[in-house]
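Across the two complexes that follow, chain A remains constant while its partner is chain B and subsequently chain C.
== the complex of A and B ==
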């Protein structure tokens, strides 16, 4: 436990000593604010159009039910945010393993009493904690929808859990990419690519057979994320995200053995 | 990949018969290292070729050779970072390929200065090194304080490593390697890139630790090897072309010919 604690502490210092962590946090906050603002602006314009064209004002029941804060602002914001995170999170995860290899500090770590498993656990834990922090920051604006948008607290919690699990899944993919290369650039690009590919396979429906599509649908992130956004929490979805994290950690651990063999 | 147990019969390159090294060694200190037929291939390239080597307890051993001779590959196999393609290496009879954790528990490794964390402050880094070696609480604090004093780092404890001179960075690297008083210390290019004053400081530090553990010094600086080691082994193209007491190997008329693999000391 002493060794793991020492490594976690080191990881936190190194992470926040890097400008990339601060840039990523700022980006998440900024992009979230912009996305939220943009959707809110469109919502206001729609309301204004209805108000002026019917001359009945906002209280005249002329605005259709589907034009509301929840459906016009909250859900689209979460959808856009989910896709945006696919691009931002790999900027943080790219350096976690790759930088150690590029600097040669991985050999320093491996000549201490830290096991490869402990190294993977510590690095994943710190990356997950950072992503959680970023998600808390990003969730401030959507949370404002609770008071006025008819989104209940339970629904909001479901959405937050979905967003967080999605972000952790993207981080897991980025960490695996970082574990197999010493180039941060390659790790970032591979992280983007793998994240985008795994995001949604619904486009593949017309091109592949039913069985293959069922498999692709089973491994894609979006259907699970979408369910959380609608306030649906299923155990199978939680298992999916937990499984993705476990597979990613196992692959990252495997990268150490691979390097012992391949050099 | 063959992972045999270490053989007892030494069968290496021709060793120069000589008196034991003059440097006194503390009885029982350090570890014994034994390599038999140790080979590592990367595709068609043979980085280490059927290496047979014995390093006795408490020896300060200089691993010499030009760039690409196989020094780093040997060290990586010795520390368990890399698996051998054939043959065995052992530390006190323990194979780093089979039980890397047991070998690393006995090990201190001082990499080149570029292989440190520039963001960490000196004291923080040493605390991390202590924790990574399983030291905690008062034990870690004592080890860190002793190390700061021993390696004359008191004046820079709060400075980030990246802002230190190369000499100080080298001392930090050595401090973390010796922090837990390991019986085996491997030091990679300890004076590379240092000015003459810094080189002297680092050499003094290493000279102080000599005889208290098995020390492996990877270098291509003959001066360092002459001053700091009892025995040297010279690698060329992955093969051990010379092994013996330091004066016997390095005081010959043209020791650099060994680096080029042009002379067989036998």
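== the complex of A and C ==
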């Protein structure tokens, strides 16, 4: 346990000792704030345009149903952020395994009494904690803005849970890619590519049969992620993201084992 | 013997070097990634254009063999390696771990999906099914299996919410649902007349889909699905007779002050509607289950009142809407049945001004008779809106009669003979000679007469049933539940889904100034602090 704690401590120090982590945190927070503010501004403008006395005001039902926080703010913000996170998170996870491999320090790790499983768990835990921190930091402003408006706080929580799980899923994919290569660049690109492909299989709809499409749809991230923006937290979706993390950890461990025997 | 310095193609010493270089290049893991990238980039135009352009075809043609090659090379290396058994053991153990995790994840996800457990955190609680839908599903599924087909286009963003709604309905166990790609089943689409994506077809019974009874829902919301289910429910249609001839409300009028919404609700919930002109001497038909008198604007002729009285005396059922400031003679008839309504406006200080009215004249009611079948489902946070209403004083005509107030104003309600009184007077400060109390806004009575039982429900206001206000708050539920009770169809009493999807709660403006201040205060401050921390870290590592 002490060794595991020491490894976690080392990972945290290495992570936050690098400016890259801070830049990634800044980027996530800034991009979230900008995207959210922009959508909120547009929502307010449209709402006030419809609510002016010349349009009849709020009471006369002239504001169309689709102008609302869910459709005009939460949905588009989540869509844009979802795609943005596909690009940013692999930049954070790319070094986790690949750097150790490139420097050869992974062999040192393997000489400790820690099992490959424990090493993988420690690295995943630190990466997850960082991604969670990034999401929390980036959500301070949207949460304050919406809660001061007095509406949809629970809905916002659902949006946050969705974004957090999506970010953790992208981190899991990025970590697997980092585990299988010693090039950080390849890890980042592969993390982005794999995340992008897994993101949504709607495009395959016209080319594949209905059954195959149902399978593709079932493994893609977007349909589940989208439910959170609707304000629905389904237990099966939580299990999907947890399962994705478990499979990713198993793959990373396989890579570690392979490295131990293949050198 | 060949010259070693020769550059001819047949130069043998150069061949192994070239071969080794190729070998190294072909063994690099980056090659696999190049193949994956080719596939990914080939997919991009397909995603964007919904077509398969040459660019994508070329990328797929390059990416697929490269990935296959990398796979084959990897397997061959594994087979030929000197420590093959160790490799195999590691690979098998790791592979088993990955496969185990995958199987467990899929099994757990499928189990969770089957359980249907979910939390609806949407502000308008869109995916918590209303009692009406649940009852409708139960009643229809008792006739046979219900299957819902969702016809969808792959890129239709509306599918997400429709799928969640159908998922919630499917979780009740009364309905199976299946998604179908638009144009994939042309025969079915023809027989169901499906024309666009995001269309649901509810079918009842087994056998080929086209031979089942079906209802098509083109714009699925909980409300439209409820209406479709209601059309599939088995019930004997009852007859609502609507009295005309004294300026009563028109069930055909689609204007804001008309009552076409109420007319549609009657048809949807299984009533036949028939109009009679009492003033012209029309008799109330024998098969009338309820007579609806909707806010007459003139005095009813004595003959009309006699016809209504005779109908009630035989155990008839009457639902009457009155209006303050208009005397029609109906008040006297109701008074004989214990529902006396003085010609006065209810002033409820708990209600604010609405659309320019003086404050207090549009009561927002939230007190209901908890034990009456018509209102027992309405709770204190399910409000109903009245626009200028009379009150009722209740008195039993006969000991065996049963008279109830269904809806009340707040405790501080009082009656004003003249509505303009409230323009100059604070509703909280009534004249000293009036008493404040809960005012009865809707009253009901049951009158056993021999073998028959007459029923009356009287509303002090008709505006709440007009097109403008019928779908506001819980007005529709109050009006329709009262009608079901009057018609002795208590099974129809329910709380209906709120149609239209989005509540006004989500259209609340978030003040832009606040937002801007917050954006500058938090939206920019947080990244700035993070960047400063990053710079400090960088400076520390350099020193």
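Here, the second predicted complex is superposed on the first by the 233 of 263 C-alpha atoms of A that agree within 3 Å, B and C clash if a C-alpha of one lies under 4 Å from a C-alpha of the other, contacts with A are read in each partner's own complex, and residues count from 1 in each chain.
Everything that follows uses one rule, which is that a residue touches a chain if its C-beta (ideal position, glycine included) is under 8 Å from a C-beta of that chain, and two chains touch if they have at least 3 such contacts.
On a predicted model such as this, the values are computed, not experimentally measured, just so you know.
Asker: So in the superposed three-chain picture, is A:261 touching just chain B, just chain C, both, or none of them (first/second/both/neither)?
Answerer: A:261 contacts both chain B and chain C.
Asker: Pick one for A:2: touches chain B only (first), chain C only (second), both, or neither.
Answerer: first
Asker: Given the touch rule stated above, what does A:96 touch, chain B (first), chain C (second), both, or neither?
Answerer: In the superposed model, A:96 contacts neither chain B nor chain C.
Asker: Is A:247 contacted by the first partner chain B, the second partner chain C, both or neither?
Answerer: second
Asker: Considering only touches as defined above, state whether A:137 meets chain B (first), chain C (second), both or neither.
Answerer: Second partner only, chain C.
Asker: Please indicate which partner A:111 is in contact with in the superposed arrangement: first for chain B, second for chain C, both, or neither.
Answerer: first
Asker: In the overlaid three-chain picture, which partner chain does A:17 touch, first (chain B) or second (chain C), both, or neither?
Answerer: both
Asker: More chain A residues touched by chain B or by chain C?
Answerer: Counting contacted residues of chain A, the larger count belongs to C.
Asker: Touching chain B in one complex and chain C in the other: list those residues of chain A.
Answerer: Touching chain B in the first complex and chain C in the second, residues 17-18, 260-261 of chain A appear in both lists.
Asker: Spell out the residues on chain A that touch chain B in their complex, using ranges where they run on.
Answerer: Residues in contact with chain B: 2-3, 5-7, 9-10, 13-14, 17-18, 103-105, 107-115, 259-261, 263.
Asker: Enumerate the contact residues on chain B facing chain A in the complex.
Answerer: 1, 40, 42, 73, 76, 79-83, 101, 104-105, 107-109, 111-112, 114-117, 119-120, 124, 127-136, 186
Asker: Over in the complex, which chain A residues touch chain C? Could you list them?
Answerer: Spelled out, the residues of chain A in touch with chain C are 16-19, 21-23, 25-26, 29-30, 33-34, 36-37, 40-41, 43-45, 47-48, 51, 58-59, 63, 65-71, 137-138, 140-141, 144-146, 148-152, 154-155, 157-158, 180-181, 183, 186, 189-190, 193-194, 196-197, 200, 202-207, 210, 213-214, 223, 226-227, 230-236, 238-240, 242-244, 246-247, 249-251, 253-254, 257-258, 260-262.
Asker: Would you pull the chain C residues touching chain A in the complex into a rising list?
Answerer: Residues in contact with chain A: 29-30, 33, 36-37, 39-40, 43, 46-47, 50, 52, 83, 86-87, 90-91, 93-95, 97-98, 100-102, 104-106, 108-113, 115, 117-123, 126-127, 153-155, 160-161, 163-164, 167, 179-181, 184, 355, 500-502, 504-512, 514-515, 518-519, 522-524, 526-527, 530-531, 533-535, 537-538, 541.
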